[in-house]
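Here's a structure for you.
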Amino acid sequence: MKIGMIGLGKMGSNMRERLRRAGHEVVGFDLDENLRDVDDVESLVQALEPPRVVWVMVPHGTPTRSTVEQLGELLDEGDLIIEGGNSKYTEDRELDALMEPKGIGYVDCGVSGGIWGLENGYGLMCGGREEDVEKAMPIFDALRPEGPREEGFVHAGEVGAGHYAKMVHNGIEYGLMHAYAEGFELLMAKDIVTDVRGCFQAWSRGTVVRSWLLDLLVSALGDTPGLKGIDAYTTDSGEGRWTVEEAIDNAVPMPVISAALFARFASRQENSPAMQAVAALRGQFGGHDVRL
Amino acid sequence: MKIGMIGLGKMGSNMRERLRRAGHEVVGFDLDENLRDVDDVESLVQALEPPRVVWVMVPHGTPTRSTVEQLGELLDEGDLIIEGGNSKYTEDRELDALMEPKGIGYVDCGVSGGIWGLENGYGLMCGGREEDVEKAMPIFDALRPEGPREEGFVHAGEVGAGHYAKMVHNGIEYGLMHAYAEGFELLMAKDIVTDVRGCFQAWSRGTVVRSWLLDLLVSALGDTPGLKGIDAYTTDSGEGRWTVEEAIDNAVPMPVISAALFARFASRQENSPAMQAVAALRGQFGGHDVRL
Amino acid sequence: MKIGMIGLGKMGSNMRERLRRAGHEVVGFDLDENLRDVDDVESLVQALEPPRVVWVMVPHGTPTRSTVEQLGELLDEGDLIIEGGNSKYTEDRELDALMEPKGIGYVDCGVSGGIWGLENGYGLMCGGREEDVEKAMPIFDALRPEGPREEGFVHAGEVGAGHYAKMVHNGIEYGLMHAYAEGFELLMAKDIVTDVRGCFQAWSRGTVVRSWLLDLLVSALGDTPGLKGIDAYTTDSGEGRWTVEEAIDNAVPMPVISAALFARFASRQENSPAMQAVAALRGQFGGHDVRL
Amino acid sequence: MKIGMIGLGKMGSNMRERLRRAGHEVVGFDLDENLRDVDDVESLVQALEPPRVVWVMVPHGTPTRSTVEQLGELLDEGDLIIEGGNSKYTEDRELDALMEPKGIGYVDCGVSGGIWGLENGYGLMCGGREEDVEKAMPIFDALRPEGPREEGFVHAGEVGAGHYAKMVHNGIEYGLMHAYAEGFELLMAKDIVTDVRGCFQAWSRGTVVRSWLLDLLVSALGDTPGLKGIDAYTTDSGEGRWTVEEAIDNAVPMPVISAALFARFASRQENSPAMQAVAALRGQFGGHDVRL
């Protein structure tokens, strides 16, 4: 199958490569001349034969929106756009509403797998109309890990459901990582435990907590014993925030994932304003010393 | 009434003073020669007439235990010990079990009010047998704030119940302070809000959130505009931890007070080990930069 | 001063009454014929003399928006709208942007005090331009509690800042209430504590946790001993959600207020889907019994 | 190797079987006549040759303590006790202090794997002196999963470290399960997502959140579509509580694991007393309806 791919960053390039290894023909465009196969989106569209399929893999927000809008001008009825970036599901629904009257199909696809996806395959969650998803299935099958389709791919629901599932996936990821992290901190704090990495590694096979993230933590503890010198400063990329916002919108209690998110916020503060207030209050009522 | 007081630190001295102002006679002992009225506990006991009442106001743990044990040797049947420090309620129950066979009464009394208590009176929560509490009532009435007795004093239950109530009081205090603190941080973070102190002050009279802690925060914001330069580092004195431990023992969900406690722990960390683990994990799977 | 008031529900009626007691003339409109002074908004506007001041006190969202838009048609340059309902601050900024080109002033005013405000006065937080706030000051002075203006009123910042401060106020309120609530639950759970209401009441005067909410809890425990029979089901009115959403937008850690919010969500669930998943998982790996 | 095993419940029986399959000789005792090989502990000890190794696998607390104390009377210098149950690490340290003067070795061993351990092997974490751990290594090698020893076994540190690591393992497990559970609840709540089980299943191979727990959740969702009818009521077995208590003792912030623990407590409440208090407070200040 022949497909266009817009956006050839860390993820996009690897996906192009995995698709090519699977025998698909990929025409890629990127702002970076060194990465692209064609020099503009027009050429990319011209290089494909109808019904065209174009995978969009650019940063979410304005870049995604303007790319899709541009494609809306260039593509024809029956063509298909796959938004594979990290768009919020509400954005998908707005973009689909723009494409639908033109007869251009729209599928949103959440992609998980990071830098390991090229070799292992990507976990794919997509949303859209049945016929559009079907049209792109050879692409999905090439990108997903080997094995049964349903273990690496889902048609989660309507347009937006793919990115929604990916958002929830990332929210869960926040919670999982922080659970291991709290365990790490406690083991490190306890004097009678002398082999913390060994503990994590011993959980690799027979235990309830075995997982890929566990394997990665063992690996990280091998690379950097005791994680000595690693800065706690941690950014967040949006999906964690959206997950908690969606929880609020849907009245879903979410103490674990929100705690993991808040810990990231806190990791970026030199001096917590909230704790300044607590310290100041204690100084007021208790005569407790306040450090300046 | 005549009463002995052991422990004349910040709290004890003020309480001696408030009792004297109310017309009680207080014989005080402290390790510090400059504060004490008599030179040892023996002399203190001899200076009282049976049935004697001795208020113990020394640091919790070993100092309290050894003081009560010493009093157990010196006092007679019918005398009364009031443990007014910050003992854990389990300690009260152990000490009472030592005194009870000797016929020495034991009342535990949680005291709130900090440095303001001398003028405003202290909130008192006590536990013990009815007759022992009655015996000490003139003391309690002098220490508590003016007004109806029940608004500044409670006989909460059996031995230990006083310190239990005080422990819960302090746990609540953690939660209250942190609620204001989170609000402070959010107001400070928002550009359109230009008078944060003014907001807190405007809540002083008519609003649902008015409280003494609010008044103190307004005062702190007056003393140190924006709390600029105040260190977020905040210690904790035990009752917060005990409250959460009791919640766990009694299967009581306690997300708010535990969150306030954990924030104190975090305020004392230069680099969160848990967030080091999260940062390291992200480096492993996503190729996200890890700051060293 | 003469003022129009649109919306005469529980809050609006009381505010009209308080304004009248202070000597202001109030022309009120409501959908309910039994409450209103005039039969439509047009008549209300005609009853005022320029520069007119109209207080809008209707449910937030569409009712507020359509009322303000209608006033935008009826009012003249130099008139002033005060949005005193529970609008989100973003809505204020949108509505102000509609009024500003017409020369109609816009002030948003958060109002706290509930059913007690008629007698005690209302805590007021407003946002807007200096000259607009000044124009309405006699109204604010009549509504706020007696005493120094700054203890019951703040001009918090730009348009939107008033409702922002009110939103944070309500978020704090969630946290405060839940801190007391957790303490209540723990005291109730402990056998040695026999007078739970007495404990709360004893905190009324001398303690760090004294507050109006504490007084209300004492009162509630008097009305309904042990709160026996009260349903835990608790709704939420929006500001708590907005507060946590704003925390997320501003990367402010907010564990306490979010926990209080999530507890409300949970109070409305018969069977927690999340805990169904935990129970099902335990059944899978441990052979733990799963209750059906 | 020949080994005694005391306690042949769900776990003990399976472990005996796995040891036998590996060629070890196991003499088992249990209170249940149908399960045991010998009729009392004395016979068990007599059936072994010095230096004897006895694995204790009975409920933690009094049963474990009295079993170890009994073994302390029956065993000789140079013999070894392995406490493989769920003892708290502090209990291990007390029991070791009783055995050590007798020259009886003591190793604590946390065992993970549940009902799957018989086939897959058990994750093992042990604490004790080097020579004692070495002595039992053939047993550990038979019980742990196949593959490199360090991926299913760790000598974590001193006596107590094994159960400490197991305790942390279980604490992490609480957090992991709840992270998936929150994601499940949110996906179920969202109308545009129509294949929730499909989402979880699609994460099985290529994604960051893949794990054994995820596989189990997919399986549970296959057994009981939508988890319909499963009761949210969930017990807790101690290690989760201990983990949070240890976090408190070591001043380690633990928002995620504590939240998961509190959610279990809440799952067992018909009517949350804390939320009764919140509901009652709202009734007091806002005239909000309180449901009785």
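Here the chain labels run A, B, C and D in written order, and each chain numbers its own residues starting at 1.
Methods note: a contact is a pair of C-beta atoms (placed from the backbone, for glycine too) under 8 Å apart; a residue touches a chain by one contact, two chains touch by 3 or more.
Only a predicted model underlies this, so the values are computations on that prediction, with no experimental measurement involved.
S.K.: Write down the chain pair with more C-beta contact pairs when A-B is set against B-C.
M.R.: Of A-B and B-C, it is B-C that has more C-beta pairs in contact.
S.K.: Please flag the chain sitting at the greatest distance from chain A, going by CA centroids.
M.R.: Using the mean of the C-alpha atoms as each chain's centre, the farthest one from chain A is B.
S.K.: If you average the Cα atoms of chain A and of chain B to get two centres, how far apart are those centres in Å?
M.R.: Centre-to-centre distance between chain A and chain B: 47 Å.
S.K.: How far is the middle of chain B from the middle of chain D, if each middle is the mean of its Cα atoms, in Å?
M.R.: Centre separation, chain B to chain D: 37 Å.
S.K.: Measuring centre to centre with CA averages, how many angstrom lie between chain B and chain C?
M.R.: Centre-to-centre distance between chain B and chain C: 33 Å.
S.K.: Which chain C residues touch at least two other chains?
M.R.: 114, 178, 180, 182, 185, 189, 208, 212-213, 251-255, 259-260, 262-263, 266, 272, 274, 285
S.K.: So in the complex, the part of chain C that touches chain D is made up of which residues?
M.R.: 10, 114-116, 177-178, 180-182, 184-185, 188-189, 212-213, 216-217, 219-221, 223-224, 227, 229-235, 255, 259-260, 263-264, 266-267, 271-288, 290-292
S.K.: Provide the residue numbers of chain C that touch chain A in the complex, in ascending order.
M.R.: 208, 241, 244-245, 248-249, 251-255, 258-259, 261-263, 265-266, 268-269, 272, 274, 285
S.K.: Which bits of chain C are touching chain B when the two form their complex?
M.R.: 89, 112-114, 117, 120-125, 127, 144-145, 147, 150-161, 164-165, 168-169, 171-176, 178-180, 182-183, 185-187, 189-190, 192-195, 198-199, 201-214, 243, 246-247, 250-257, 259-260, 262-263
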